[in-house]
Amino acid sequence: MDEQQHTIVSYGTLTAAWIALLFLTALTVGITRLDLGGYKVLGALTIACLKGGVVIAFFMQMRYEGRLLRWLLFVALVTLAIFIGITFFDVLYR
Amino acid sequence: MNQPLFISTTETVDPVFIFIFGASIVLFLAIAATMVFFVVRYRRSRAPEPTSAVASNIGLEIVWTALPTLLVLTMFWYGWQGYLGLRTVPEGALEVTATARMWSWNFTYTDGRNSAKLYVPVGKPVQVNLVSTDVIHGFFIPAFRVKRDIVPGMKNQVWFVADRPGSYDLFCSSYCGTGHSSMVTTVEALPAKQFEEWLEHGGGGEEAAKLDGRKLAQEKGCLGCHSLDGSPGVGPSFKGLMGQKVTVVSGGGTREIIVDEAYLRKSITDPHADIVKGFQPIMPTLSDLSPQQVEALVEFIEGVK
Amino acid sequence: MTVSDHPRGGFWSDTGRSGLGSWIFSTDHKRIGLLYLFATFGFFLVGVVLGLLLKFELMTPGRTIMGAEAYNAVFTVHGVTMIFLFILPGFPGAFGNLVMPIQVGARDVAFPRLNLLSWWLYMGGALIVLTSLFTGNGPPDTGWTFYVPFSARTGTNVSLAVFGVFIIGFSAILTGLNFITTIHRLRAEGMTWGRLTLFTWSLYATAWVQILATPILAITLVLIMAERMLGTGLFDPGRGGDPLMYQHLFWIYSHPAVYIMILPAMGAISDIIPVFSRKPVFGYKMIAFSSIAIAAAGSLVWGHHMFTSGMSDRAVLVFSFLTFIVAIPSAIKVFNWVSTLYKGSISLEAPMLFALSFIILFSIGGLTGLILGAAATDVHVHDTQFVVGHFHYVMFGGTGFAFFAAMHYWLPKFFGRRYREKPAVIAWALMFIGFNILYFTMKVLGMKGMPRRYYDYLPEFATLNLVSTIGSWILAVGLVIMLVNLIRGLLRGEPFEGNPWGGATLEWSIPTPPPTENFAREPVVTHGPYDFTAMKE
Amino acid sequence: MTHPVHKDDFGAKLGMWLFLFTELLLFGGLFLLYAAYLHRYPREFAAAGKELDWMLGTANTVILLTSSLCAAMSVTAVQRGDNRRALGLLGGTILCAAGFLAIKYVEWGAKFGHGIYPGSERLRGGAPGESVFFSLYFMTTGIHGLHVLIGGGLLAWIATRVRAGRVAAGNHVLLENGALYWHLVDLVWIFIFPLYYLVL
């Protein structure tokens, strides 16, 4: 059927992704040593999401997959976000 | 007197019931009737071959998506309005604290008075603050359509108003263990005058000045676990307890003892020191007991022959 | 049993091996399906006997046959057995495995060995749950909801039972991912998404719920075990924990789980009704779509179990609203089923009778769900017998009756023998009547204020409870007749070939019983699942 | 039994991804609790978070990222027919896994030494939020550690197959799936790290 082609991700691309990840790690550690108050959580989580994105796109090769897997991943992530989000209607307003 | 403006909880909830039940019954009967009609009209002996092969009809589909949508949204809104009514405590409500423990009720009034039944004045809204000392219980008075879980560590409350004097059932609605179904008491709605009297004099001598052990045992919930007639419960029966020989487990070992006053006292103030063989170590430590109360309880237990 | 003179061939005999090993190590989806059928139905019988005991105890106020402790253990075990051992694995495990691969035109599921592992995990978990009844400090007494703080402090054998359920969760996840992969990858040529049977569609939706919701149950159960064994105190109010967070986690799984129970049942009904009306199903697209919609919207409404818990009022608003949204796709399905009957040629054989009574009972159950979904009315009926009535209507009257319909509809295909029609109809009638007497009275009791999980009750509830108990006996008689008839029929009934009901889906196009790999050569699908005219030509 | 050898690499990968979704949601439940309790006890969480050693946490992050790199590269190596290099890279991944667990062991050991473990006297007596924080910490890192252990074992088993030549170019979906699992372990840690070690 479809999507049977195998992409070979080069060592170079993977290494570049790894360097980006190390850089982002250093960045998180860096900004969380500063006193940013509530923005700390936001900043750290944004960077974590970026890092997660890099891992998924390159290490897990999502960049090279067809539409189906991307959609499914999207559904799973949205589900998790909704579970957490709706719970906060209780947590925030109790 | 300036009466505060409020509708009783029963009057708030009942119309919602009537509306949803009404709509549901109509819908249900329509569906069931149509179905039965089709089955009878198009049964194979009468209609050996299907006379139509329509597989969809956009118009119909839209209608029966849109109409139920409107209907359920109405139900939702009506239900929500009613809920708001249940949550908005009228001003000037009388405050009572209900303390639930496994498996008994205790109600405390503003002046510190206690009772095992909930006494309320007729016509005056009552706000009940719900406190649990152990697990989740539920405060449920069917007659007033109110219910709220009693969650340890949380400040939940409900309000209601009794518009007629009488005695109404009060249940523990949230499952809380063995004695769940015996966590039943009543709301006693008294005419305002009588209620004032009760508050002041304990309802005409019912609450004697001297500590009454039996009443205390009732109030503190001992009788939820300990029977007075020898029948087995969650804890050992009080009947004939004094002087009995019991096997207790303490610190890993078992030993036999004869029940005496000191042992009773210790069992009440430090229940986990000696556990009677064959029972679970679940008896609560009642730290709010005064020494006098403990004495009264011991005396009472001694007297149960 | 005289099996030798029996023409039963197909997957029963052409595997080369025989004996027990050829079953419990088989990776054939049909054998695994039958394993699930026997196991789940066995547990159903256990649960049913426990349910009967519950009703027996409630026949009179006060102690009738057991004390409070025993009653609490019995309803907990009844609930756990029915939910985790019967109804959740039942439909996907038994009928999903038996017919879905054939319906999509596949030789087997995508991962046959994983499929076998699912069954083993399920049996392992079930045995652990059963072990928990006879070891430790006695059977769990928490209710199937395992609410903290009670479940963290009761002395009974909760941890082991919870561990068993945890294992069963894995089995559900594996089944789910197997089915999704199968439906995506193994459809035969010409089997487009628009030609899938509605049963397959419903399993697809179910599988997504299994995959996305079950992990939350797994972590919740792990946390209960940790609470009990390590003293983590995550839900202990004394140490800053919040019991309501437990309830959130539990219902994030357990509400979607009720759609795991009902969706395949709806799918089976959508397959059966057109066949017995000889008419294409009305509104195929809407029914398929509403399965997905129910799965999606149903994942967002868990808070309706917590309206009285002390959760924020805003959350009550949101959850109540979302709950009503789920009712819409269910309504669409009901209307479409009824319209399918219009101008058909309806034959009232046993599967159809069960299917039609499914519509009635599910509607009653679902409509009482609306009372529960509305915030004001739920406050009164929450934790009363009304809720018990509601969920027995949807679970037993809904899924249970659909399960019986599926048994009468599909099992002859797999056993190659037929049951007798008349006893099946009598059994159906008794069950339908007994069922309504049993559970309708529960709803009335709930309206009057009788709480659930009460082993003893006030005298004012006595009459209705007695009536209800009598209903349970009528139901019992019906159930026994149905079982005896089915078992006799499937083992020694009249052999048959071909397509007794005139179904147009793929499972009716292959030999009876189906051969091991279903299709001698991969089928090419040229018409939709309910296209009865195309089939005749 | 005589199933025709039916090979569907994409199907296998799809199945793996579906399984990864369940893992994601499993940890999602813990993150949900974290979020709710962080909202309730910001100060206690901050105080307790300071007791974790962010340097060890950072070291472990780097180790896991590197292990993931090795795993990803081993897939490339196999695809290019270089099974020997793939083996070496897998060895690197497993080594990193061991290093990660060793550091975790040291960390947990230190906490236990300070009387911090679920249900400990100190936590029972401390501020309510503190006990919640550490219980969550132990549950989350514990379950994550279990995944590291399982992932390491899985990759070791796959390595033997690579060595036996059963996994090779064009027939390497097993290795791909093993690597996917490993990346998930990494992915989860990427969120654990800032939430527990840094944010507060």
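Note that the chains take the letters A, B, C and D in the order they are written out, and that residue 1 is the start of every chain.
Definition applied: a contact is a pair of C-beta atoms (placed from the backbone, for glycine too) under 8 Å apart; a residue touches a chain by one contact, two chains touch by 3 or more.
Keep in mind it's a predicted model, so treat the numbers as computed, not measured.
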Per-chain Cα mean versus the mean over all protein Cα atoms: which chain has them closest together? C
List the centre-to-centre spacing of subunit B and subunit C in whole Å, with centres computed as mean CA coordinates. 32
Can you work out the whole-Å distance between the CA centroids of subunit B and subunit D? 46
Whole-Å gap between the CA centroids of subunit C and subunit D: 35
Scan subunit A for residues touching two or more other chains and write them down. 1, 68, 76, 79, 83, 87, 91-92
Would you pick out the residues of subunit C that each touch at least 2 other chains? 184-185, 212, 216, 242, 244, 248, 252, 310, 313
Please output the residue numbers of subunit B that touch at least 2 other chains, ranges allowed. none
Pairwise, the chains that touch are A-C, A-D, B-C, C-D
Hey, which residues of subunit C end up touching subunit A in the complex? 184-185, 208, 212, 216, 244, 248, 252, 299-300, 303, 310-315, 318-319
Quick check on the complex: what are the subunit C residues that touch subunit B? 68-69, 72, 137, 141-143, 147, 149-150, 153-155, 237-238, 242-244, 277-286, 307-310, 313, 316-317, 320-321, 323-325, 327-328, 331-332, 334-335, 338-339, 341-348, 356, 359-360, 363-364, 367-368, 370-371, 373-380, 382-384, 448-449, 451-458, 530, 533
So in the complex, the part of subunit C that touches subunit D is made up of which residues? 15-16, 26-28, 107-108, 110-112, 114, 173, 176-178, 180-181, 184-186, 211-216, 218-220, 222-223, 226, 230-234, 239-242, 245, 248-249, 252, 516-517
In the complex, subunit A residues that touch subunit D: 1-4, 6, 8-11, 14-15, 17-18, 21-22, 25, 28-29, 32, 40-41, 44-45, 47-48, 51-52, 55-56, 58-60, 68-69, 72-73, 76-77, 79-80, 83-84, 87-88, 91-92
Give every residue of subunit A touching subunit C within the complex, in rising order. 1, 68, 75-76, 79, 82-83, 86-87, 89-94
